[in-house]
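First subunit A sits with subunit B, and in the next complex the same chain sits with subunit C.
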Partner chain A sequence: MRIPNPRRIFLYILLIFFAFVFLLPLWTDITTSFKSIHDIIYTIPVEPPLSPTIEPLITAFNIMERPLLNSLTFTAVATLFSCLLGSINGYALTKIRFRGANTMFLLFSIGIFLPYQAVLVPLVLTMSRLGLYNSIGGLILTHTTYGITITTLLFRNFYGLIPDSLIMAAKTDGAGTWTIYRRIILPLSLLPFVVVAVLQFTSIWNDFLFGVTLARGSEAMPASVALANLKGTTEVNWNVQMAGALWYALPVLIIYLVLGKYLIRGYMAGAIKG
Partner chain B sequence: MNLSFGRVFTRETMVNLLFVLPSLVLVGYFVYVLIGWNIVVSVSDWRGLTPSYNIVGFGQYITLFQDPVFLTSLTNNLILILLFVPSSLALGLFLAILLDSKIRGEGVFRNIYLLPFSLAFVITATLWAWMYNPDVGVINTLFQAIGLRFLKSGWITDPNIALACVVLAIVWQFSGYTMLIFSAGIKSIPESQIMAAEVDGAKGFNLYRRVVIPQLKTPALSAFVVLMIFALKVFDFIYVLTGGGPAGYSTYVLPLLMFRETFLSTHFAYGAAIATLLFLLVLVIVVPYLYLSSRREKD
Partner chain C sequence: MVSITLENLTKMYGNTIAVKDVNLQIKDKEFFVFLGPSGCGKTTTLLAIAGLIKADAGEIWIGDELVTSAEKGIHKPPQERGIAMVFQDYAIYPHMTVFDNIAFPLTISKVKKDEIKERVKKTAELLGISQLLNRKPRQLSGGQRQRVALGRAIVRRPKVFLMDEPLANLDAKLRVQTRTELKKLQLELGVTTVYVTHDQVEAMTMADKIMVLRDGLVEQIGTPDDLYNHPSNTFVAGFIGSPEMNFIDCTLVEEREKLCLDAKEFKISLPAETFPKLKSYIGEEVIMGIRPEDIYESKSVKGTTQDNAVKMTLDLIEPVGPFLLLHLRAGRIPFVATVKQTRAKLGQEVVMEMDFDKIHIFDKKTAKAIL
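Showing the complex of A and B:
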C-alpha cells in the first residue's frame, strides 16, 4: 500500500476546511428552511431538522410569489433587450468602425463602472415623469439601459475574434451592413449570447438598489426588496426568512448548476458586480 | 476635411448610425445627462418633496465635511477598503495556489468557493444575519457545541467589531471571484517556464514567490479595480445586514448615507452632493485603469 505524503494530506484538509466555511451559511439556510418552530428551539442551526417540514417554504412562497413573478418578468425582458442591443453595438464597434466609434467605446466603458448613486435622484424624477415609477416597464428600461454598457463591451471582445476577411467577402458579394449582421454575425453568436445572457440575468435578478428606489410598491416590487422587507418585519421567524432567501436564490442556483461554466466565462470576461 | 456634405451622409452612413442610435440615446441620457442633472441638484437648495433648482453654489460640499455622520461614513468606507481589498486578494491568491496543486476534485472545490459570488447581496446579508445572531445564530451555537464558548461574541451587535464582521462576510463572498481571476492567470503561464524553474531547484512556496506571483500583475490589477469599486459603492449588503448600526453609525458608509439622506430624509441636494463625491472617487480609480488597459490593447 502506498503511504500518502503528509503534505498532500494537509493540503486536502485545508481544501475541505475552506469548502466547509464557504458552504456553512448555505447549509444552515437549507436546514433552517425545513424546520418547525419546535425544531428551531430544540436543534442548533447546523443540525438537520428533527422532523422536516415544508411549512416555512410555503409561508415564504405565499409572501414572495408576486415579487418573484415580477423579478422573473423584468429580468427576462431586460436580459433579452440588453443582449440584442449589446450585440448590435459590438458588431458596429468592431466591423463597421464608423467615425466616433472610439469615443462611443470610452463613454460606454465609463458607464460600466458608474456608481448608480450618481444618477439615482434624476432617475427617479425621469421615471415619475414618464409614468414608469413603480412599474415593470420602468425596471425593464432601467436595467436594459445600464446593462447595454457591459453587454456592448463583451460582444465587442467576442466579435473582435471574427476575421474581417469574412465580412469583406460578403461585402464584395454585395451584402449590406444589416444582411451581414443577420447572415454572418448572428449565426456565429450563440456562445456569446449564452455567456452574456447568463451574466445579465444573474446581475439583474440580484439587483436591489434600483428595485428599492424605483419599485417599492407592490405592483412591481422585485424579489430582492420583498426579501429585505421580510427580514425587517419577521425578526423572530428565522425559518421563514431562510425559506424566502432560498426561493429568491433558486433561479441563480439553477443557473449556477446547469450553466455554471458560461457564468464563469462571463465573470472572467469582465464581471462588474453591484 | 475634403468630403462633401453629401458624401458624409450617404445612405450607408445613415444606416450604420441607425444601428447604434438607440443605445447612444439611452446611454447618453441615462448616464451622462443624469450625471449632469445630479450635479445641478447638488448645488441647489432642494430640500423636501418639491424639486427646487435655486442654485446656491458649493455650500453643500462644505457642509458635508463639517457633518460628523458624513465623516464617520467616509472613515468607515476607507477602513472597509483597507481591510476588504487586501484580504480578498490574499485569500483568493491562496485558494488559487491550493487549487493549482494537481489535486483531485479541483472543479468541485472551485465551484464551491465561487458559489457565494453568484448570489445576491440581499441573500448573503440575510444568511450572515443568521450566522451572526448572538442568541440563536449559527456561529455562537456552533462554538458552544464544540466547546469553544470563549469565542462567542456579540458580532454585528457589538459596535467595536460590527464593521469587521461586515468585512469578513464580503471577503467570504468575493474571494472566490479573486481566486477565479488568479487561477486563470496561473494557467496562462507557460508550462516550460515552470519546468525550467523546477530544474533550477525552485519548489513549493519558492516556485510561487519567484516565478508565478510576479507574473500575476495584470489579473491582480483588474481584480483590485473591481474590489475597490465594489467597496466604494457597497450598499445592499450593509443596508440589509446592519442598516448602518449598531450604536447609531458604526457601519455607516457613503452609499448608505446617500440613500438615507435622499430617500428617507428628503435632503435631495445633500444626497446628490454625496453621490457626486462618490462618482469622483470612482473616477479616480477607473480613469487610470482604462488608460492603462487601452494602452495595453494597442501594444
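Showing the complex of A and C:
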C-alpha cells in the first residue's frame, strides 16, 4: 500500500476540521428545526431530536410563506434587471468608446462604495413620492438601481477580455450596436451572467436594511424581515426561528447547488483566454 | 472599377500623431501593402479606410464615392463602404459554427436562406473548408481559423479587401504557404486589396505596390522593385532587404578629377557619370549604402588598384543554404556580403569589389537618397 504523504494527511485533517466548523451552525439549525420545545430544553443544540417533529417547520412556513414569495419575486426580477442593465452598461463602457466613458465608470464605481445608511432617508422620501413605499415595485427599483453599480463593474471587466477586433468584424459585417450586443456579446457572456446573477441574487435575498425600511409590516414584507420578526417579544421559540432560517436559506442553497459548477467556471473564465 | 484614394489623411490619438498627410492612389484590382514597424500607423490607416475609426483630417474615396471627409463631416459606416476585413486574430465569432460565421454578414443584410446556403457552400469549397462547416472555432487550427475569417470576407463579394496582418499568427511554414494561396486567390477574385504587414518579405512577394510608413509619415510609395533598387531614404533602404543593406559614413571628396567616397579606413572612387548629381555635395558627409549581394570577391589579382575594390578581413562565414553570408571588416567598418562561394579562410584578407551601379548615396543630414 502506498503510504500517504504526512503533509497531505495534516492538510486533510485541517480541511475536515474547518468544514466541520462551518457546517456546525447548519447542522444545529437542522436539528433544532425538528425539535419540540420539550426536546430543546432536554437536549443540547447539536444533538439530534429525541422525538422528531415537523411542527416547527410548518408553523414557520405558515408565517413566512407570503414574505418568501415576496422575496422570491423582487429578488428574481431585480436580479434579472440589474444583470441585464449591468451587461449593457459594461458593453457600452468597453466597446463603444464614447466621450466621458471613464468619468461615467468612475461614477458607477463610487456607487459601489456608497453606504446603504447614507441613502435611507432620501430613498424613503423618493419611494413614497413615487407611490412605491411598502410595495414590491419599490424594492425591485431600489435593488436594481443599487445593483447596477456592481454588475456594471463585473461585466465591464469581463467584456474587457473580448477582443475589440470581434466588434470591428461585426461592424464591417454590417451589424449595428444592438445587433452586436444581441448576437455577439450576449451569447458570449452566459457564464458571467450566471456568476453575476448568483452574486446579485444572494445579496438582494440577504438584504435586510432596505427591506425593513421600505416594506416593514406590510403585504410586501421581505422574508429577511419576516425571519427577524419570528423572534417574538415575550417568548423564544428556538425551533420555529431555526425552521424559519432553514426556509430562508433554502433558495440560495439550491441555487448554489445547481449552479455551483458554472460559478467556478465563471470565476476561472478570466484566467484562461480562449 | 474600384480604386481607393486617400487625400491628406490624418489621424491623431490625443496629441500623438497616428498618421499624417497620407496621400495615395490604389488602382483597381491592385494588391497594395502598407509596410512598416509596429506603431507606424499602418493599421490606423487601414481602419480609417474601413470606417472603423474617424479621420481627423483628409478624405477617402472608394471608387467614385466619397466615404470619409473630415472637412465635410462625411463618415460612412463600415457596412456601407463595400469592404470586407480580415483581422490578425481572425476575429471569428467563438460561439458560432463555421457556417454561421461565414453566413453572418449575409444574415445581417437579410439575404434569403437558400442563397446564404449556396454562397457559404461555394465559399467553403473555394477555400477547402467544406468539411468544417459544422465545427466551432475552438475545434479549428490556426490555419483553418484563418480560412474561416477569409471566407467571411469573401462571401459578401466586397469591392475591397482590407487585411490586417492576416498571416502574423501562423507558424512559419504555413505562413509561406498561405501567402502564396492568398495572392493567387486575390488574382482569381480580382478584388482591390489593401494589406497591412510589418514583414518586408511578405510585402515584397505579394504586393503590386507598397507604401512604407514610419512614425505616422509616408516614407515611400512604389513597386517592390522601386523600393528595393531605388529606396528614397536610409529607412526604406534598411527596412527592405535581408540581410540589411550596409551603411557606411563617408565624406565625398574630389581627388585628381575624380569623385571619391572617403570612409577613412578605405577610399573608393566613383564613375565619372555620377559627377553632375554629386558635385554639390563635395566636401559634405554622406552615407554610402550597398546591399550584401552587390559586394563580391575580386577576381583580379591586382587587387586594390581598382576603383571599386576594398581590402577586408574575413571574420565569419554563415552558410544559409543557397548562399554564404560573409561578415567582413574594412579596418573597423563592418560589411556583410552574400556570395555563392569563397576560397577565403577566416582571418584572411580578401579584396572585395562593389557594384558601382548598385551603390546608393544618402545625404547624412536628411537621410534622403542622392544617388
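Observations on the model:
Keep in mind that, in the parts below, the second predicted complex is superposed on the first by the 242 of 274 C-alpha atoms of A that agree within 3 Å, B and C clash if a C-alpha of one lies under 4 Å from a C-alpha of the other, contacts with A are read in each partner's own complex, and residues count from 1 in each chain.
Here is the rule we use: a residue touches a chain if its C-beta (ideal position, glycine included) is under 8 Å from a C-beta of that chain, and two chains touch if they have at least 3 such contacts.
Everything quoted here is computed from the prediction, not taken from an experiment.
Contacts of A:I13 after superposition on the shared chain: neither subunit B nor subunit C is touched. In the superposition on chain A, contact of A:L130 is made with neither subunit B nor subunit C. Shared-chain residue A:F98: touches subunit B; no touch with subunit C. Applying the stated contact rule after C-alpha superposition, one finds that A:L50 touches neither subunit B nor subunit C. Legend: residue contacts after superposition of the two complexes on their common chain; A:V119 is shown touching subunit B, with no touch to subunit C. Comparing subunit B with subunit C, the partner in contact with more residues of subunit A is B. Once chain A of one complex is fitted onto chain A of the other, the partner contacts of A:I58 are absent, as it touches neither subunit B nor subunit C. Of the two partner chains, neither subunit B nor subunit C is touched by A:L250. Where the contact sets of subunit A with subunit B and with subunit C meet, they give residues 274. Per the touch definition, subunit A reaches subunit B in the complex via residues 11-12, 14-15, 18-19, 21-26, 28-29, 32, 40, 44-46, 85, 88-89, 91-92, 96, 98, 104, 106-111, 113-123, 125-126, 142, 144-146, 148-149, 152, 176-178, 202, 205-209, 213, 224, 227-228, 231, 238, 241-242, 244-245, 248-249, 252, 255-256, 260, 263-264, 267-268, 271-274.
Subunit A meets subunit C in the complex at residues 163, 165-166, 168-175, 179, 183-184, 187-188, 274. Against subunit A, the residues of subunit C that register as touching in their complex are 47, 50, 52, 77-79, 83-85, 87-89, 91-95, 104-105, 108-109, 138, 149, 152, 156. Of all residues in subunit B, only 12-13, 15-17, 19-20, 22-24, 26-28, 30-35, 37-38, 41, 51, 95, 98-99, 101, 103, 109, 111-124, 126-131, 133, 136-138, 141-142, 144-145, 172, 176-177, 180-181, 184, 226, 229-230, 232-236, 239-240, 255, 258-259, 262-263, 268, 271-272, 274-276, 278-279, 282-283, 286, 290 touch subunit A in the complex they form.
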